[in-house]
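Listed next: structures, encoded as structure tokens.
After this come two complexes, each holding chain A, first together with chain B and then together with chain C.
For the complex of A and B:
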């Protein structure tokens, strides 16, 4: 089944190989540029996030893909579903805003937020690592829309690292060896 | 052109394009339907009892408000082919004497089917309504809002009903509640 690919591998000369590698690198660079342009447009460090836990069921299940924006001038309201990161941990958490307190004094626009997962019995105070309320700077973005189940591939790749290496290795080989 | 790899490639490309087209059609059609729909009948929100309980030190450092309310809502027009669930919540909004604007959710419910979208609820609050910034001498408006979560597409927020006038907080209850 791989006889054609093995023949191509034997016939490969350095110039062709370098040309393929250049095409490959060009494609990756374009993808990276689009991703960063999206991050800038939405003012969000990761505008597409996969839901990792079941704390927002039945709204979001593990593996759903959600789209975030983080407009700098907009305040968050209760009922918004936000993704936030507590400074002590690096895991983004997708929960709904339960309380907001907006301070307008002395030119400082400060907003304190309290969140809770729909499927959790209590609010998130215990997850805040010592803080009583979240501040605006902890919020990564607000959920605008979502696609079901698409992100399950990334969860599977995290749970089975060999799958990730196999997929990436296979794709890399195919990309380098194919002529078209 | 006729190897198995190119066939798998073509089929999977066609499949993903068709699925994206289908998702876009579902999402856009349900948004368009909501845009052209008649507005909802306003739900009735009334507060039957409102008390302020003192903070007791160890358990609760700040004063609490204890609210009992009555809701009557009919949200059945919101259920279409793309509605997964409705998240309905009752919130209290007030601006206190120091100029701090507060919103607190005191009750919520997940509505998963059209039959349960018409409800009459007489209950007390689900979540603690804490006096974090001071609600002495201020008044709160209680609004019933909904969040429509689709199977595919954008989330929609709306207002179902409200106590259109604000209800002042009573002074601290003298006896322990």
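For the complex of A and C:
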């Protein structure tokens, strides 16, 4: 079935093979660098996240893709939708800001925030793992925009890891055999 | 038409080989051109491509060209352009990989300076690659050198560039438009520049620049099989023209 492709592989000499492997590796490198550039530009460690729970319905549903920024000089206001990560947990949470307390701490603007999911009956104090309020440094970013349903690809790949490997493997084979 | 150099007082005062810069009779110093070598039996599998894909057609022609001109007895291929592209490319991949790994291991705020450095380095490398490919490499497909010895060491250097001329239509005349005016199929345009000099480029013996255009249909049949013999003969003729010092 793959005889033609296998013949094409055997015909490659080392330089040709390196060139085509470079095509594939170079593509991955470009994507990675774009991601890092985006992280630096938005000052956000994860500028694109997928909504995993339904705690923000009807604003965001599970599977939505949301875009974040985190300008260093920005103060957050009541009503902003933020993504935060509590130190004791790994999973970022997308909820709305309910209360803000602004103060000055040794020359730096500081904020204490309280959040609550739109679809939750109570605020997030229970989720803070002992803290009473969130600090500015726990916030990953503020939501600027979203795309519905796109995030389901990521959810599927996380729930079915074989799909991820199949996709990467298929792309790899394609990159090695085609020439531009 | 080869002139004999063994005559004594009868040596003509005609143009000597060292003076030839444009079309001249082949000198005895002229090394063998590709057409004078017997055709090798095909050592390679039959080349079969998708005739609808102009990129595949061009790549097949380029590959056949490289195989033909780098066979023993003809030129030795210089891999400088390929090696530079590989070096810059793989270096940028490693920089990207290192930056990615560092950003993954170290927490975001702390990692920012190093990631900035990695990003700038990557952009510089990519920019250099692009500039090199556009300005220095261009359309070059094959760069070859050959050293032959006949009374003195003769160095030859040949550079070939190729590109595809896309489908074109003959210009419509204002008065008559014949129904037989057909479009010209995609063509393979090959240009070469050739220099022959004595050892260490001390004196120039011959210089030529030629080019030729042929439709792909001349080398590929409807199934996509390449007629390598026809292609090699076409290339050989062009190279011999260049070696004779013609300027086209």
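We adopt the following convention: the second predicted complex is superposed on the first by the 172 of 180 C-alpha atoms of A that agree within 3 Å, B and C clash if a C-alpha of one lies under 4 Å from a C-alpha of the other, contacts with A are read in each partner's own complex, and residues count from 1 in each chain.
We adopt the following convention: contacts are C-beta pairs under 8 Å (C-beta built on N, C-alpha and C of every residue); 3 or more make two chains touch, one makes a residue touch a chain.
Given the structure is predicted, the values throughout are model-derived calculations rather than measurements.
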{"item": "Clash or fit, chain B versus chain C on superposed chain A", "value": "fit"}
{"item": "Partner chain(s) touched by A:87 [first = chain B, second = chain C, both, neither]", "value": "neither"}
{"item": "Touching partner for A:170 - first (chain B), second (chain C), both, neither", "value": "neither"}
{"item": "Touching partner for A:39 - first (chain B), second (chain C), both, neither", "value": "second"}
{"item": "Chain B versus chain C as contact partner of A:18, first or second or both or neither", "value": "second"}
{"item": "Which superposed partner A:29 touches (first chain B, second chain C, both, neither)", "value": "second"}
{"item": "Touching partner for A:100 - first (chain B), second (chain C), both, neither", "value": "first"}
{"item": "Chain B versus chain C - smallest C-alpha distance in the overlay, whole Å", "value": "5"}
{"item": "Touch list for chain A against partner chain C, complex", "value": "7, 11, 15, 18-19, 22, 25-26, 28-30, 32-33, 36-37, 39-40, 45, 179-180"}
{"item": "Chain B-touching residues of chain A, taken from the complex the two chains share", "value": "58-59, 77-81, 96, 98-105, 116, 118, 123, 143-148"}
{"item": "Chain A-touching residues of chain C, taken from the complex the two chains share", "value": "44-45, 55-56, 59, 79, 82, 85-86, 89-90, 92-93, 96-97, 99-100, 103, 108, 112, 115-116, 118-119, 122-123, 126"}
{"item": "Partner chain A, residues of chain B touching it in the complex", "value": "23, 27, 84-85, 87, 89, 91, 98-105, 110, 112, 127, 132-133, 145, 147, 149, 151-155, 157"}
